[in-house]
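Below you'll find a set of structures to go through.
In what comes next, chain A is part of two complexes: it sits with chain B in the first one and with chain C in the second one.
What follows is the complex of A and B.
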């Protein structure tokens, strides 16, 4: 086998169509690695880096001046940083689990999204875990959780669960990358620096794409996928027990573990949509990440949103009805936390449901807007979960108060900036699309993405090119932008009339292949 | 991309609205009750009430006081009011009305600066702002207050010896330590959970090790 061949041979022979598809996928996947970074990219990197540096300075200030500089006090001892930990690790969970579930259920349409979802999961879990340090206040005592572990404390289990989940996410990110690194190394050839070639070569583990290697790759990925789903559930259950196993009204709730797990899935799904939209636009991946992807993930997001709404209602209704410890509910619904709570209801529940339910809004823009709202609203919701019970008095009627300061805001914004920063740098070094999976799914897999409307027109086309002019007039792109295929140009359409194999620029469509 | 930029900006504003609402509404009805305080006699100098003693100092225009209230709970009412000299001048009193006052506990537990913000309140027409606060540790607690951006904080301080009761009467007992129902099986449970965690680590690292060692060999063996 020629190691330097531009396309490493697969065990099954490539057809011309598949080869063309593979070439296009590789070009798109490595675009960020091969093309010179634009001025906009550098500007974004500079801005995001500045935000991260500002956060580091704010943390230094907090270390020097104490937690009070971040708005903490004796009656608001847990506040924004723990909400950040939950929010960031939550979205990470969503990315990893969605990728794992879609992998296990053999959803080939997932292929263009997996790398983005897994990359997002990795970036957010790293940033989320970092928030534990400002939350601790005295980071030099961090290792005490190991030296003096109190196994009856959920905090020790939090530490263990987050660490395990981080390692699992790294492995889950790395294994599918093995074939891609080999492909990239050959694809880029001499344009790659010698150092990079060496690193890619080492990390790709002599990948040749033979049957036995594929079997090992798929087997290990299936196993990790099976592990990462319950693992992620356990991480968020344990995180929730850090609250639920206290005697605080509003935290000591039996509903908390599923409440946290669903919130994580919900916000994670939303962030997958936002990240996919951002990189689709920035890396010009419109051909591969289509509206159908957004709609499918959007349905999932809406379903999870409804479950989360139900759990919120169940949580509040149970406590509110019994009336034993309802101070936090009053504060949340009508008191000082009412504005954030109702912002969550609007952007975290009503808007996403309406956007997904109404066909007019169910498009990329609408879904990205709804998903962006969910991400922000769920962060706000975490604040509303943390603050009212933390500040509720256990004795007497004095309510504590948490005040945002420039320190806590800057550190939080640094975390927000760190995620796109990591992803932007990451996708300069590794392919943004999972090349191997997309090639495996192939053009046929991508046809699944064709919308119903497009399928109708395709049928017309494949029937022999009848009403071709009508089709051209009604659908200038023949819906093929949504199918992952270039718009039919006037040069290619005449061929349709005589040849049922439609050459659409990237690959051909055989009637029998459409499902 | 323009749409995304607009969207991110829009949602940043939404998040900011939440942050601002939490910061501005820091102390609503239960705190900003200026004018109805029972602490007028405690505003200056020294005094004592129900065994709690306080001393207060005043700046040129404002003074800070602290007293134990009789409102049904063991909490302090901190108040800031015009000093006698300032109170005698209606123009000064008028200028002090409607100002935001931040109250602090002087402690290094949460703050290297020694100032832990515990709440804010707005002065009423008489220039008085009050804040209810319950200290959470025993012994002498020092307070300070700052009005607006003035630097009179250091000048306005008062100290109060306040005892925090561990188990006050009349408080539901579920808030206090009791034997956990799962106490008896804790050791077994912990061992079981550690076993699960070990198995997960074994699967993760084992899978990675198999991939790392076997994959290159399979590539060579073709």
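What follows is the complex of A and C.
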């Protein structure tokens, strides 16, 4: 393989000729690290920090005055915080699994998205796990779960699964970072502070990019990608069992584990779209993250959305038809929880499906709007899963109610703010693009600059490298027209399109050979 | 009614107990703790009583002895019997709590002795009978309970529900904690803060509870109440709160009906039973087969239950409640017929 590759295997000091592509990738990936932060960035950081601090204060207030201040009562004993836990850990799952599945299936176009998706997964799993603390009445005794673990309790399984998944997410985030930090150290050179450089070189584990290291990296990445998928399935199954293993109608459902897993994947793909759109415009990555990336993840999102709709229906249909315990269904569809439920149906199902189905809306703006709606709607859906069975009367007919208070709203908003805060700071410290993966995938593999209309030119390119002139001429304008991106600089485009020595994620294209 | 109390085969010990339950009354002189006592029911005596230990019990017994010693020495929580689940206990006929622990650092000498020697079973297995024919829904039981335990108005450890019977008329059903023999709340508690004493009473260790409220989700009877607010005025008590008498309750932990087990063990009735002007609530002891209500009528428990077709609440949940209901003509405990 390596012998046939037109790119010679790199030696220890990276003396390979850096292609124009590699130069561009490195520049873009380290943009956040080299450029001075804009005033907008600081403003956003200040605002988000303020929201997080407000949440911390609200939590202090809740600890001091009791959980009644967050709107809880004996008939609404589980409410917003557990919905937050499920929603945040859920979106994390989407980021991790999208990255893992696309990596395992060799989808080289994933390359510009992996770092953002994995970073999002890490940030959200941390915030999601943090929401366990406001959920508890006695958070300072949290370690009792370790000291006095009762293994018959689903919450102990939850604890174990979430902790394992968090560790796996950190590893999954860290491994692709190893080569990147070495590259960054070399790329930034003296512009990097010595302290930072020391940390990066320590974290990059003496990465030289030689053959053995590369093999190790790929092996471990495949392994962690394989591990994280069942791990994430287990986390959401176990989370669902915290509900399904009670005897409450509406929670004690066999459909719950896949229901939760699909909800997680669905909301996670949606948040990948939102995060990618935000950092794409914030970091001016239009050249690397294109409309086609959004459309592809959008298709995935729509498919998952349909599965989720099906599971929602299946969940309600069985009990609704037999009519034994239909109180929570009536309340969900027509009663107290009808408005949030139909908001979910509208923003969580109908709009994303229409946006993905209709070509006119199937662009970055439309998909980002739909995905943002999905993230919010799926949070609301989690609340609708939690509240009706919790507030339903098991004896008598008096329905309980949960009322939002400033405490619960502030704490939830703090979590919402913490995710972009973590990501914005994170991408000041580490490259926003997975440099190694993008260089490996090459320009065609990773960005597919060519839009739908000119896709046939890519086919010709792959078929034998003929008609390269067409590609050279049409690509920039087509890209402009379709996605509204910045025009691609004339210096880079030829390198992008013509460079015959591109390596598309594993197999090399050598026009001379393929013909 | 599969219960785990009915396991003695030995005539000597049952005779010994027969004497005792005959003297069961409201008089504090028949204090079980002083009479059954740690020393009186020590292992030596039980061995001499000839209680047969079934095969396979030895290891459990030794283990419990060990734990009992440790617990008695350190009186510390944390030496749980993780190896043995509740079901193994139930099947083996033991009445010891699966937690292996009585209380949080407030273990009574009687409990410690019982744990030190499982061959000496506890002298009481507390239960309750509620005669719905006598309940007029006045709510005195709830009021008495709340007063004695300093509960907030929301915390109805015993709650009176209004139900509709078959001809549409209303009847009332007080609902305390069912003190299940197979309690779902115990199984789902992640930190074993909920435990079952050797007298069959399910209690909450509020010093260990992390406030996750999983037990509230699991309880099919909605019998658990959380301490949601710090704005509760508690009296200053000379005694620290115990699971048997959680006064004051701790903010951010869960609480529930304790069966007033402290009262029962001191020869008194529970607050709800003594507070019921209709005599609808009977405190009962499965071991001595006696039930007593607040009006002083004493009945033979088994006969009383049998003759009146007593039922348990939600038997399909397989929780095996230790609270029995005696329903009147045309009444049932079907929740679909409830009105409030």
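FYI, the second predicted complex is superposed on the first by the 435 of 515 C-alpha atoms of A that agree within 3 Å, B and C clash if a C-alpha of one lies under 4 Å from a C-alpha of the other, contacts with A are read in each partner's own complex, and residues count from 1 in each chain.
As a convention for this text, a contact is a pair of C-beta atoms (placed from the backbone, for glycine too) under 8 Å apart; a residue touches a chain by one contact, two chains touch by 3 or more.
Quick caveat: nothing in here was measured; it's all calculated off a predicted structure.
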Partner chain(s) touched by A:175 [first = chain B, second = chain C, both, neither]: first
Which superposed partner A:151 touches (first chain B, second chain C, both, neither): both
Chain B versus chain C as contact partner of A:138, first or second or both or neither: second
Residue contacts on chain A - larger count, chain B or chain C: B
Which superposed partner A:32 touches (first chain B, second chain C, both, neither): neither
Partner chain in contact with A:159 - chain B first, chain C second, else both or neither: second
Partner chain(s) touched by A:387 [first = chain B, second = chain C, both, neither]: first
Partner chain(s) touched by A:64 [first = chain B, second = chain C, both, neither]: both
First (chain B), second (chain C), both or neither touched by A:337: first
Which superposed partner A:72 touches (first chain B, second chain C, both, neither): both
Footprint overlap on chain A, comparing chain B with chain C: 64-69, 72-75, 151-152, 247, 393-398
Chain C residues within the chain A interface of the complex: 77-78, 80, 82, 85, 154-155, 161-163, 173, 175, 184, 187-193, 208-214, 216-218, 220-222, 224-231, 250-254, 317, 335, 338-340
Residue ranges of chain B touching chain A (in the complex, touch as defined): 1, 3-4, 7-8, 10-11, 14-15, 17-23, 25-28, 30-31, 72-75, 105, 107-113, 115-120, 132-137, 165, 168, 171, 174-175, 186, 190, 193-194, 197, 200-201, 203-205, 207-208, 210-212, 214-216, 218-222
In the complex, chain A residues that touch chain B: 1, 64-69, 71-75, 151-152, 157, 160, 164, 167-168, 171, 174-175, 178, 205-208, 210, 212-213, 216-217, 220, 223-224, 227, 231, 247, 277-278, 281-282, 335-337, 339-340, 343, 347, 365, 368-369, 372-373, 375-377, 379-380, 383, 387, 393-404, 409
Residue ranges of chain A touching chain C (in the complex, touch as defined): 63-69, 72-75, 77-78, 135-139, 141-142, 144-145, 147-156, 159, 242-243, 245-248, 251, 390, 393-398
